[in-house]
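Shared between the two complexes below is subunit A, which has subunit B as its partner in the first and subunit C in the second.
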Partner chain A sequence: MAQIDLDLAHSYRPNPQSDSDYALLPLKMSFRDGGAYALLGPSGCGKTTMLNVISGLVQPSQGSVRFDGKDVTTLTPQQRNIAQVFQFPVIYDTMTVAENLAFPLRNRGVSSAHIAKRVGQIAEMLEISQQLNQRAAGLSADAKQKISLGRGLVREDVSAVLFDEPLTVIDPHLKWQLRRKLKQIHHELKLTLIYVTHDQVEALTFAEEIVVMTRGRAVQTGSAAELFERPQHTFVGNFIGSPGMNFLPAQCTDNRIRIGTHTFDIPAQAQSAQLQSFGDFVIGVRPEYVELASVNQADAMPAQIVRVQDVGTHWVITASLETGGVNGSTIVRARLSAETAMLSAGDTAWLRIINSHTRFYKNEEMVA
Partner chain B sequence: MRLNLQKIEKQVGAEQFLYPMSIELQPNTVNVLLGATLAGKTTLMRLMAGLEPPTAGSIFVDHQDVTGLSVRNRDVAMVYQQFINYPSMTVFDNIASPLRLRHEKNIDAQVKALAAKLHIDPFLKRLPAELSGGQQQRVALARALAKRAPLILLDEPLVNLDYKLREELRDELTQIFANGESTVVYATTEPSEALLLGGYTAVLEAGRLLQYGATPEVFHQPASLSVARAFSDPPINLITARVSAEGYQIIFGHDLSLDLTAALEPDAPVTIGMRANALRVQSRKGDLSLSGLVELAEISGSDTFLHVKTELGNVVAQLTGVHYFDIASTITLYMSAEHAYLFDHSGMLTVAPRGTAISFKAGA
Partner chain C sequence: MKPVNQKAWFLILPVLLCVAFSAILPLMTVVNYSVQDIISPERRVFVGTEWFTSVMRDSDLHEALWRQLVYSFSVLAIEIPLGIMLALAMPAKTWRSSAVLVIVALSLLIPWNVVGTIWQIFGRSDIGLLGVTLAKVGIDYNYTGDSLDAWLTVLVMDVWHWTPLVALLCYAGLRSIPDAYYQAAQIDGASKFAVFRYIQLPKMRGVLMIAVLLRFMDSFMIYTEPFVLTGGGPGNATTFLSQYLTQKAVGQFDLGPAAAFSLIYFLIILLLCFVLYNWMQRVGTTDKEGAHE
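Up next, the complex of A and B:
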């Protein structure tokens, strides 16, 4: 087990000039010993490159990778002592389930008694004890993937276990059970786990800390609650949550926040942010935190409802707010409880945008 | 365009792909075909397109019988899961191709307008292979729209895209389809996608049409347990119960009961359905409570899906926002009788939270 420190950049091209030449822009990042991490982002964001840099499959073009302070930049995955689980099952069909699980240990000369004990423990955790003596060949795709997971987790002495979208082949109805297993296993084995996925449910459920990536850059590392409540970057605000965060242009004058022709008190979280000094900035508010207010309510503003969707478990309204400036208006979405008495398209709704959950952004970075 | 399928069925060899069904699509709006893999969505679309004839039954387009007419003689546009474009043509030429076939004027302006609508206008000179998956599918969609066909068939068009891209494109498509110029058929396996698309929904299961109606109506009043199951994600919570001896109560678990406004057949076995969003962790007056152990809290960002093992079986609660729960900790869930569904022993809907003759009384 190891603490992993990255201080590097990577380009697949020989002489990178602009930012877009980098698969990973210069970054510094630490993965705590025993932590559960997810690398999350759209395709092409650099998450798989980062995983391969950690494992040693890719050597970064600049900088270093350290395991417990020791420079491992030029070492192979074997030398780094990394276990990996891939999208598709990697197992030996001719071996039994038990032999498959034992393989990584046997390869390293672990004693038979210890192998038997560890294989039994892992099999029990993954609920495959009944199948230990079966040939792997006849098993279903998800049973095979469970064995792959087991093989990744069976060694106690690994520096880290890396997962590359390991639940892709799993039937949707079984996914949550495996997510649960992985979480329990992390709790019991205390291994450093790093998990790559483009699926936000998978990342937010599994990991203690999620690294959100876009265009070769890690824009925020934090818990699910932090990403939801305090997105540090507008990309995170939009990427996490469905629909994503609303963004509105605003200014601050005379100690009041101005959106279009309406002005509001500065909320507590932005009191010390010097909003006035930013000139134009952006307000971010999640659809879950846009509140329906009464007509002419002082801390609310009117919006023209464009669309009302009954999405079964709640309502989503899409409304147009007069925000002034070049575009004149901005579209805002609100997610309202299924029990709300609903308005219809064309109606005017008074919305409370600024409250304790509102965030403030300048040049895409959160300032309050 | 009016598309009416009368008593159609489809056999391939000894296998029944579609059992006899009749469906008259709502014209000039979105009609969703919702069902798991192998439910028959693609087969049904192929019949609608004229790619295959039905084994029995008739298909009418605007009251004209087109049953034997091949796809070439029908005015249909299709988009598939895979991104299908002409690989050697530029994006511009791909979108222009249906317009050129019809010898239209203003091709340049039309292509540019469509490309702008789908946000691919910067790429008109590129080849499809030089685009990302999402952009390639936008090209395929733009070409389908350029056809201005009265019938547009979309077979899980967004399934191969990242979820955020899906969200964006779905939203754009709903707005484009709202113009009411075409009858759109959209196949999906995802209940949430059907709800976001709105319009009308046909629920399919193993080759059978279970229910067809306005999308929110089918969701809120599923005709049967099968529809309720197919049209819920996370799955609707189902609890085995029975009608009391005098018929005015539903009894379940240890000493739990719900009061009815009218009597049902005494002692009959029934099933209570509770959607995940009807379960809460805060109590309200008159609630039923249900304790259990936390199995897992799945976090999507906007929602937390809390899996709990209870004496009534495993249940899922949908909570807004991000919430943490330790695995194996004790939790009490609350629900109100008003949000319960009831299905009789044959699985047919008896009580729904919105609009059935019999309902549950709110708790005391």
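Up next, the complex of A and C:
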């Protein structure tokens, strides 16, 4: 187990010129010893590259990787003592399940008594004790991936266990079960776990801290609540939450926020002078915090309902707001409880947008 | 009783007809010859199993069969490991892999009789590069006079000609292994040998099976190269089964015994391939059945 510090950049090209040549833009990041982390982002955002840089399968083109302060940049995964589980199950066809689980230990010359003990423990943890003496080749994809997970967890002295979207091939109901298992294992063994995924639910339920990545950049690191309440970047607002954050163009004049033709009081979290200095900026508000208001209410504005969806537990309404500017109107989504949402497409509803949960963005970065 | 849909027979009828004309009918003419004594085109006598018994008792055949078996298994024992080693040594990516592939495949593009001719000249101790070199080094090498030299020359020629096929098949098998396997092995701390033993070899099993069967059948039926190189000699040192058969059928025009032997030859190949195939299947799948930790 180790604290992992990254201070690096990586490009798969020899002479990176522009930002788009980098798989990982220059970043500085620390993973606490014993923490459970998730790297979250869309495909191609650099999360797998970051994982492979940590494990040592990829050497960063610049900068360093440190484990407990020791520079390990040029060391192999074996020397770094890393365990990694891949997206698709990797099993050794000719071996039994038990031999598969024992393989990482046997390669390191662990005594056979200890191997048998560890294999037994891991098999029990993953509920594959019954299959220990079966050949691994004939098993289902689920079971194979469990073996891959088991091989990642079988060594107890590893610096960290890295998961590269390990549950992609697993059935949904087993996914929950396995994810819970991983959390449980994390609590029991206090290993540093880093988990790559593009599924926000997976990331939010698994990790204590989530690193949101896009286009080779880590835009925010924080807990699920932080990412939800205070997205530091419009990308985070958009990517986390379902539906994502609403963004509305706005200005600030005469100590009031102006959206289209309506003006509102400035909420406590923002300063008038700061907002005024920006000229144009963007208001971010979660669909959960858009409220239905009565007609002509002073802190609300009218919106044209475009679509109403029943999502079971609640309603999602899609509405069009007159925000002026180039496009004239902006689409806003609101999440409303079933009782309040007696609306249908074509209606006009008054929505209260600005409140204490509203965030302000300039150049995609949160400013207040 | 399950209901049987008899219409299915009509669907395989075209295939049956094709196979009948391409394989079964020609084979039946051979069967026909094998039980008759053809004295002249108009006169023929049914002789039953007489040709079979006489062929089976032929000591020339026994020698040829023995020679053939040793030869074919030597071919496998050399070409399969050598082909695997070649495939492992071949570069995986970039233009170099294409270049190496073309070079490796070159010998496969040469017609059989040309291969024989090339080696016939190559091995001559007066003008051939190999023959002259060996003579210079002081090795008494003469494939036209010495039985062992002739036999070895035919073997080396086959290795030169056909190992690339094994290498190409293995190379294809190796390239189909996803990178994740190598990465996982690296994470698991596997040695180079362990990677070969537990990843590369099992993943090559399918292509290796094809390679073994192809090389076995081809080498068991070898004809052209020894015919051009040594003509079966010196003595009978390189007379393999095909040569023996040709001598019987064309040389002496003993159609009956030749036909009987053809059938036996065919059955031997079928049997050996069947045994090899099943053995390899088992090696792959029950390798460690029931192994305990």
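Observations on the model:
Everything below uses one rule, namely that the second predicted complex is superposed on the first by the 362 of 368 C-alpha atoms of A that agree within 3 Å, B and C clash if a C-alpha of one lies under 4 Å from a C-alpha of the other, contacts with A are read in each partner's own complex, and residues count from 1 in each chain.
We adopt the following convention: a residue touches a chain if its C-beta (ideal position, glycine included) is under 8 Å from a C-beta of that chain, and two chains touch if they have at least 3 such contacts.
Keep in mind that this is a model prediction, so the values were computed, not measured.
Annotation: superposed three-chain arrangement on subunit A; subunit B versus subunit C shows no clash, the two fitting side by side. By the touch criterion defined above, A:92 lies against subunit C but remains apart from subunit B after alignment on the C-alpha atoms of chain A. In the superposition on chain A, A:190 makes contact with neither subunit B nor subunit C. Once the two complexes are laid over each other on the shared chain, residue contacts for A:228 go to subunit B alone; subunit C is not touched.
When the two complexes are overlaid on their common chain A, residue A:115 makes contact with subunit C while staying clear of subunit B. Of the two partner chains placed by superposition, A:362 touches none, neither subunit B nor subunit C.
By the document's definition of touching, of the two partners only subunit C reaches A:148; subunit B does not. Remark: in the superposition on chain A the angle formed at subunit A by the CA centres of subunit B and subunit C amounts to 80 degrees, rounded in steps of 10. In the superposed model, A:82 lies in contact with subunit C only, and not with subunit B. The least CA distance from subunit B to subunit C in the superposed model is 10 Å. Common to the subunit B-facing and subunit C-facing surfaces of subunit A is no residue whatsoever. Residues 178, 180-181, 183-184, 186-191, 194, 198-199, 202-203, 284-285, 287-293 of subunit C are the ones touching subunit A in the complex. Chain contact summary for the complex, subunit A toward subunit B: residues 42-44, 176, 179-180, 183-184, 187, 198-201, 204-205, 224-225, 227-229, 238-244, 286-288, 309-314, 316, 335, 338.
Put simply, subunit A touches subunit C in their complex at residues 55, 57, 76-78, 82-84, 86-88, 90, 92-96, 98-99, 102-104, 107-108, 112, 115-116, 119, 132-133, 135, 137, 148, 151-152. Only residues 132-133, 162-165, 167, 191-192, 195-196, 198, 216, 219-220, 275-277, 295-302, 305, 307, 318, 320-322, 324, 327 of subunit B touch subunit A when the two sit together in their complex.
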